[in-house]
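Shared between the two complexes below is chain A, which pairs with chain B and chain C, respectively.
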Partner chain A sequence: MKYLYLVWSNLKRKKIRTILTMLSIMIAFLLFGYLGAIKQGFSQGIDVAGVDRLIVRHKVSIIQLIPQSYESRIEQVDGVVDAVHQSWFGGIYQKPSNFFAQMPVNPREYLAMYPEYLLSDEEREAWFSTRTGAIAGRATADKFGWKVGDRIPINATVWTRKGGERTWEFDLVGIYEGAEKGTDTTQFLFRYDFFDESRQFGQGQVGWYTVRVADPDRAAQTAEAIDAQFANSPAETRAEPEGAFLQAFANQIGDVGFIMMSIIAAVFFTILLVAGNTMAYAVRERTNELAVLKAIGFTDISVLGLVLGESLVLTALGGGIGLGLAWLLVSAGDPTGGALPVFFIPVKYLLGGVLLIGLMALVAGILPALQAQRLRIADALRR
Partner chain B sequence: MAGPINWLSQVVSVTVFNIRSLPQRLGSSATAIFGIAGVVAVMVGVLSIAQGILQTMDNSASEDNVVVLRSGSNTEMMSIMSGDDARIISEAPGLARNESGAISSPELFVIINLNKRNTGTDANVPLRGVSRPGFEVRDKFNIVDGRMFEWGLNEVVVGVGALIEFEGLEIGSTITVAQEEWPVVGIFETDGGLAETEIWVDASVLQPAYRRGNSYQAVYAKLESPESYQEFKDALTTDPRLNVKPMRETEYYESQSEMLYKLVTGLGTLIAVIMGLGAIFGALNTMYTAVSSRSREIATLRALGFNSSPVVISVLLESLLLALIGGAIGALAAWSVFDGFRAATLNFTSFSQVAFAFDVSPTLLLRGIVFAMVIGLVGGFFPALRAARQPIANALREL
Partner chain C sequence: MTMHTNEIVKIHNVDKIFKRGSEEIHVLGGLDLRIPEGEFLALMGPSGSGKSTLLNLIGGLDRPSQGTVQIGGERIDELSNRKLAAWRARHIGLVFQFYNLMPVLNAQKNVELPLLLTHLSRSERKKRAAIALDIVGLSHRNRHYPRTLSGGEQQRVGIARAIVTDPTILLCDEPTGDLDRKAGDEILDLLQELNREQGKTIVMVTHDLHAAARASRTLYLNKGQLSTEPED
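Up next, the complex of A and B:
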């Protein structure tokens, strides 16, 4: 306890310097947390990808449609439990910048495939019984202030209705929540049967399939078996695990992870300079006092501990506040206005942050602390 | 007060005195300099990405050209129009014409998946089917290696940007389209610009491969002059046979890049502002240390009759000097590392890859240095005030 008191009084003697150093450390950790959330957002939920799910798309590219008739053929492949189709609608709600994914799906099968989309029993039933019914994720519903019962008009960019009409109206019958933090709750899902019957062209064509496999360890073999099924057909497929599919998509944006890590490294290097310099200065200033402490019986080790403790308290305060602020800022929402469907700081980054606090305290404090430890009483008192 | 000359000489002498004592405070001064250099380097680096994307889009567009999509479509990918529509568009007034007719190219735009070199994973690479007049619309098109594809054959030419970013596009290799192997026979450039990320083929070869019948997705055309746009647009929008949206090429590319540009600029600015705050704290720390280590000297000067304003200004000048050095180092580092650095990213709007080079423009360098000066000014202001306000007697008694 007496040590903590000493550490605390030392920090208090130059209040402005302590506060400024703490604030710069705070900024470093604020950026660390915030950039962590951005990186997570760009990776689009790879962490929560189902290990037992495959994505099957057209071999040439995902914009190429594949027949709906493939569903039953995929389900006959050995090792496949279930297959559901999805398609990209790509419509516009009010204005193009209001971006969110809209997809026609088979409601029963889709909800069974994605148990992480939580919907109440009444909402499920309402969707199953309303042909024009649609459900939206919590994030999108909140963003536009939608309530169950609203009629949502969406303008098609590709899929005009029979007769060339561009506006589709859907009845919002449910709002789904995500089972996990990383679950995408920005999607807008409506019924494929209604869509297929009303669209002007492209009947019987879907975008891609999600496939549940019986044994995740044999996912690669199952994927091969699916692709073999459609080899040399007009629409050849490419099956791959959901995680790999999402990873490849994230990689398309570029090496976001690398860019973020470079920025964080630059920031930490700079802050380390600031904190380290401040600590060194504080120790140099107090050479005399440290010698007095040693003269009255403090051991070398406890003096070392004292200086390191000061560094730790300073870093922990700054880092803790920084991570807290990052958390608050991230909760306030996605800075890009919709480009990042999931935006939160994963627990692993918070833990990493705590680890970094310890590391930074050590690196910034170790040189001055060693200096203090090696201090020879007689020399120091004479200065 | 003995007139402005005397005041000025006070400022100069205190500032010179401060600056000459800088080496004694090397540690804390270097901290401030590197802190600011880091912030400026990151800011200029991130914004040069946005600048590079904008530059690519700018280079793509010509004032003379128009793009026609189906109305309601925002990108070529989403658009569709019949061969008849394309023919009616080419007959519209206002278009430039030569002996073989209007300079109007109906085109197809699809994507194929190729591996990106730096990640080794799938990327959406744009594949464009062009018609003969397409090369008169884009007069900067130029084959730099190999040869042009033969019309009617399933041969392709590849943009230099695509060649750098994606695997398997060298001359002599083949790409798989619709279960056929199409050979790469040439490499082209278009003086920067978006098309350099694309693969081009004869539209009439791409149509059957994608079972598009006689349909297209967009028409690119050249106007007689930029002024004839209105005439052309009116003719198209009032024609009852058509349901299309004409745009100037400049507008079209601007709309294509808007989302990506805003995303990068928004994130870059946010990061720079937060880092800037950190650098201000660092600079404040340095300047407070500088002032407090010299409080006796400053008090002595003031006891000798120096005014407080030269003291304030000299501290500010010192802080600005450190910031300027830091800003210059940061801007220079960003320029030497990032300028011309090539990368490719996914443009959400067109759902396809766009290759670009980071562009550290002089304006951006200037902005970086101005940002550094702001940090220096704020970081020096409060310590300067303190230096001036310190009661002389107390300061002289200290230590």
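Up next, the complex of A and C:
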């Protein structure tokens, strides 16, 4: 710590150069944090997907429906504990940009399958006993200012009511919280029995099934057994782990993770050159001073440490501010207005950012630091 | 050379070879030098005669190509780089012609620099730096940065930095070379005072006969050999 003022004083020597380099580093880490949150948003739920859950959908596509009658047959497959169905409703609340997922489900079975959706006992009972009852995740409820007791109208884009009516009205009986930070709290869930009886067509059909398996290590075999059960039927299935299903869902618009990481890698490489150049100049223009430090007794290693320390302070300040700004911007909310229901910087990205700060400091500073370490006092003082 | 008791510097058969392409240049041709403790020695000689090289060898800033350098009974030419650095911090105070102060640090912090290598507390470092600045008569300028000080004042700060660790030897490489006569005289007064009143052993390289006259002994270096008389 006693060397810190020396490091800090040297950074203040060329204030404009230091500030510009720090700003470059800050931008790189701001992008790292913000794009990391976007990547997380696109792969929502993958990290918290249940390892003991499979998704069973139509073999052709997720948009092809499969019979509700499959549920009991799936539950009879060896290794299956429980199966619940879900369907994509795809309605509009007030205007198309108010996007959030709406799904008709069987309340009891669904809540048993997804214990990460936290609902009070009163709200659960209210949902079980109200045919038009619906629950919403905290994020969506807060976004639209909903409270329990509100009546929520949703306009159907596909599932019209009998008689051609497009507006479905639901009674909000509960608002669920997420057990983990990555849990999706944007969904709007209502009762399948009400939906199935009221819709104009498609009775007895569902979108997909979520299946809990007894042994996650045997999930692949269980998935095969489920698919075999419906082989050569009019609605063949494809069963896969929940994480893989969500990943495939996210990849429909391209490998977002790869695109993001490619951008970040290019930015970091450029900034590394900027920081490395700054450090190289900082050492070259002070050759004489470094020689004086050695002359008065600083060891080769301590001079190396001083230069690396400068690199670290420069990178840590720029990187820290960048990550902090990314955190603030991400905290302000999803920039798409609902397309990224899970939008936050995961802790692993923050830790990765801290690791990157150290790595960048090392890579940018190591060559000038070694140059300073190898400096011969007598030669340098003669310059 | 005259033999003395309590010889603090004993240099024997020292040479320093520099390479220029395939050519080898012998700067000090098997030189011998002994300096008694408490002496104020002036080293004179033409440019390129090896004065600064000799000073660097005494201060452990460079290593001889041959011969031995013994300071205070310790063979410093045999020390590892790390031990030599620690030895310099403990035993050597350096005063340079162009002061070589850190421009980003004020006078107080510049003087404190060598104390960072000790285990002294922050307050103790500050206290000792203040004493050193007081000795050179600059305690009132302790918060000034080098660029706001005159050449003479900067050299005083340089001397304060050199003496703050109470070193065994003070090595001065043309300490008045960049100063006008008045400021140079003040610096020489200060060095003389440190030698006489505090018993500091001082080795001063100079081109200036007027400065050398302040020393208790003057040696002339020419073509790698020392003599008590200048070469005609």
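The rule is short, and it goes like this: the second predicted complex is superposed on the first by the 382 of 383 C-alpha atoms of A that agree within 3 Å, B and C clash if a C-alpha of one lies under 4 Å from a C-alpha of the other, contacts with A are read in each partner's own complex, and residues count from 1 in each chain.
Rule of thumb we're sticking to: a contact is a pair of C-beta atoms (placed from the backbone, for glycine too) under 8 Å apart; a residue touches a chain by one contact, two chains touch by 3 or more.
These numbers come from a predicted model, not from an experiment.
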item	value
Fit-or-clash call for chain B and chain C when the two complexes are aligned on chain A	fit
Partner chain(s) touched by A:T299 [first = chain B, second = chain C, both, neither]	second
Spatial angle chain C-chain A-chain B, Cα centroids [nearest 10 degrees]	100
First, second, both or neither for A:T315, with chain B first and chain C second	neither
Touching partner for A:A28 - first (chain B), second (chain C), both, neither	first
Touched partner set for A:K2, first chain B, second chain C, both or neither	second
Which of chain B and chain C A:A156 touches, first, second, both or neither	first
Touching partner for A:T210 - first (chain B), second (chain C), both, neither	neither
Chain A residues touched - chain C or chain B, whichever exceeds	B
First, second, both or neither for A:T140, with chain B first and chain C second	neither
Smallest distance from any CA atom of chain C to any CA atom of chain B, in Å, after fitting	9
Overlap of chain C and chain B interfaces on chain A (superposed complexes)	none
Chain A partner contacts - residues on chain C that touch it in the complex	52-53, 56, 59, 61-62, 81-82, 85-86, 88-90, 92, 94, 96, 100, 102-105, 109, 113-114, 116-117, 122, 161
Chain B partner contacts - residues on chain A that touch it in the complex	16-17, 20-21, 23-24, 27-28, 30-31, 34-35, 38, 59-64, 90, 92, 96-97, 99, 155-158, 160, 164, 166, 232, 236, 238, 247-248, 251-255, 263, 266-267, 269-271, 273-274, 277-278, 280-281, 335-336, 339
Chain B - residues contacting chain A, complex	27-28, 30-31, 34-35, 38-39, 41-42, 46, 72-74, 77-78, 80, 110-113, 116, 118-119, 121-124, 176-179, 210, 243, 259, 262-263, 266-267, 270-271, 274-275, 277-279, 281-282, 284-285, 288-289, 343-346, 348, 351, 353
Complex contacts: residues of chain A adjacent to chain C	2-3, 5-6, 9-10, 12-13, 288-289, 292-301, 376-378, 381-382
